[in-house]
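By letter and in written order, the chains are A, B, C, D, E and F; residue numbering begins at 1 in each of them.
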Amino acid sequence: MNADAYERGLQIRREVLGDEYVDAALERATSSPFGTEWQRFVTEHCWDAVWGDEALPRATRSLITVAMLAVLGRTHELAAHIRGAQRNGCTRDEVRAVLIQAATYGGAPAGVEGFRVANEVWEQ
Amino acid sequence: MNADAYERGLQIRREVLGDEYVDAALERATSSPFGTEWQRFVTEHCWDAVWGDEALPRATRSLITVAMLAVLGRTHELAAHIRGAQRNGCTRDEVRAVLIQAATYGGAPAGVEGFRVANEVWEQ
Amino acid sequence: MNADAYERGLQIRREVLGDEYVDAALERATSSPFGTEWQRFVTEHCWDAVWGDEALPRATRSLITVAMLAVLGRTHELAAHIRGAQRNGCTRDEVRAVLIQAATYGGAPAGVEGFRVANEVWEQ
Amino acid sequence: MNADAYERGLQIRREVLGDEYVDAALERATSSPFGTEWQRFVTEHCWDAVWGDEALPRATRSLITVAMLAVLGRTHELAAHIRGAQRNGCTRDEVRAVLIQAATYGGAPAGVEGFRVANEVWEQ
Amino acid sequence: MNADAYERGLQIRREVLGDEYVDAALERATSSPFGTEWQRFVTEHCWDAVWGDEALPRATRSLITVAMLAVLGRTHELAAHIRGAQRNGCTRDEVRAVLIQAATYGGAPAGVEGFRVANEVWEQ
Amino acid sequence: MNADAYERGLQIRREVLGDEYVDAALERATSSPFGTEWQRFVTEHCWDAVWGDEALPRATRSLITVAMLAVLGRTHELAAHIRGAQRNGCTRDEVRAVLIQAATYGGAPAGVEGFRVANEVWEQ
């Protein structure tokens, strides 16, 4: 494990998904059989290695992530990243546009699921 | 937006999925942040453009839709379209046959999910 | 292995995909490291167990198969089954309709691939 | 249907998933519209034809199944087969390793879902 | 069919993918059994309805499309849209970043394929 | 970038896929627009972080990888990893068994593709 990558990744993850969400994930992890190792892996290999690369603005990364999660049918993760898109400053109109695009390239059911989740997130 | 396409699509959608289901979807849409735009999009681009084409009987379209949703793992949509298959006159035996076919071409888990959903729909 | 299931499955497979195609597949299998076992498996578990069930007409099964292969992105198999659809009496218009439906439920790239393959098959 | 294959498959399924799980599935099947036919199909074509082949140890089959279900996003089935992996003697460390591998080859969301399910199973 | 939507969509498609590419596609379509209907469908329902919505800049749409096609494994389409990303002004660095992101969320093989295609496009 | 992780990962990759294959990949990378960055990423985040974890024997990792690539439809990568399975000591019978399992859990087309590729690799 690479401790620096973990710390950098954790900081980015907090900025994108929010302290409340990340604290809850880490706390669950502490008391769960597999939690800590996965938290370390995803923080280092996903949050640091991907989100830490500044070639793309975070708002654009959020829209790209939302599109991929919608077409892959990963509904739970999608909710967290639509919230992340909001935190990164994406507008309602941009989220609408990206979900319509996902429905067209990944199929109408990606839109049905995507908008169901987006409605829930936006209403909070 | 194309108002004629929307009206035609809405009529077909009502015939396939039932007034109760469609009214509920439209009502939820009215009060939700993204709802109306997506309802318009899917009604125009999916219900009118696809289901409005009479090259295939609706019962056949229903079976095809059930098969695709099963192999894509889109469980929520699958329930609505198994109900639609019933409304379009597909028999229990045809739905069984299409889900076995989906399990063979899309993998056994598509069958497990598909039959779980079909059992729930058929029991209502 | 179940010899009866194999023989029944082989007969159906010949009727759907044509003797020429099946003979070529079996001949390749004879001289290839893994071929025979897979030919036996797929003939017994797919052609007999699925296509041998007469709850659906073969033309309908063909359309359903074409739709699933298109949304799953299984391009090689798709060509064989569009040919099978032709042999089972599906019209050009029905194949067009099912590929448009696949493009809508499985995403536009499923349509791009599907029509590329369908054009090649139909031109032969 | 092949009665011998069904009986052999049922025995293996009981050994892998446990009597309690299989009895519950069969009981639900008895009283459900589609249940029995699917139970027969999956027991014969999946449990006998695949798991009955002794070319791979059952613990290895379990790890392979867990990996495939994780990347395919088949969460319900995944829980049953992580339990099966435990019953077949896979260690916590092996399950962790296979889910990290699935997250790398099938995408990080496969890891998020996979570890969520694995934590639930292991805590029981 | 909606002639206005087709004309608008065709114009956008030309701007994104280039006249050479679009002319070739239309010419192939004219002489192919299914071509014209699909060209009309995809131009109207994808290029006009999605790309015609100005809520997202075209460069951002390109990056989102590249990400989705990479995780969906739609390699042929991916090449056209990496070319489109270039035409829409995306830099090499942005394309690199989006493919690394796709590899992380959709699995390493999405990166292998994505970079193979991107290398070919960029060398031209 | 983490130079140690890269060196460790490169060593493992050479052992699994063979010097010839890896040298060719690195050489292509040197002269291609995106190559070096991706080679570094995949070597560090996939070969070191996943394959470097000794919780699973390499032969088991190979079978798991083959299964995942088959169900994901990643045919190019599949060829490299069936070769890797051979190098890691997997027998023809084990590869057959894992592809049959992939065909059952991921759909028959995963088997068709998988055995086509496996035949080519084994004949070399």
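The rule is simple: a contact is a pair of C-beta atoms (placed from the backbone, for glycine too) under 8 Å apart; a residue touches a chain by one contact, two chains touch by 3 or more.
The model shown is predicted, which means the values in this text are computed figures rather than measured ones.
A.B. asks: Hopping along touching chains only, can you work out the least number of steps from chain A to chain D?
C.D. replies: The fewest steps needed to get from chain A to chain D is 1.
A.B. asks: What chains, if any, are shared contacts of chain D and chain E?
C.D. replies: Looking at chain E and chain D together, the chains touching each of them are A, B, C, F.
A.B. asks: Compute the centre of every chain as the mean of its C-alpha atoms, then state which one is farthest from the centre of chain D.
C.D. replies: E
A.B. asks: Name the chain whose C-alpha centroid is farthest from the C-alpha centroid of chain C.
C.D. replies: So the farthest one, by centre of C-alpha atoms, is A.
A.B. asks: Approximately how many whole Å separate the CA-defined centres of chain A and chain E?
C.D. replies: 24
A.B. asks: Which integer distance in Å separates the CA centroid of chain A from that of chain C?
C.D. replies: So the centroids are 39 Å from each other.
A.B. asks: What is the distance, in whole Å, between the centres of chain C and chain E, each centre taken as the mean of its C-alpha atoms?
C.D. replies: 29
A.B. asks: Touching at least two other chains at once: which residues of chain F meet that condition?
C.D. replies: Residues 41, 45-46, 49, 69, 71-73, 96, 100, 104-109 of chain F each touch two or more of the other chains.
A.B. asks: For the protein chains shown, what form does their contact graph take: line, ring, star, complete or other?
C.D. replies: Per interface graph, the chains form a complete graph.
A.B. asks: Which of the residues in chain C come into contact with chain A in the complex?
C.D. replies: 71, 104-110
A.B. asks: Which bits of chain D are touching chain A when the two form their complex?
C.D. replies: Chain D reaches chain A through residues 73, 92, 95-96, 99-100, 103-104, 107-109, 111-113, 115-116, 118-119, 122-123.
A.B. asks: Quick check: in the complex, which residue numbers of chain A touch chain E?
C.D. replies: Per the touch definition, chain A meets chain E at residues 45-46, 49-50, 53, 55-56, 60-61, 63-65, 67-69, 71-72, 93-94, 96-98, 100-102, 104-106.
A.B. asks: Hey, which residues of chain D end up touching chain C in the complex?
C.D. replies: Interface residues on the chain D side: 2, 5, 41, 45, 49.
A.B. asks: Taking the touch rule as given, give the residues of chain E at its contact with chain C in the complex, in rising order.
C.D. replies: 28, 32-35, 37-38, 41-42, 45-46, 69, 72-74, 76-77
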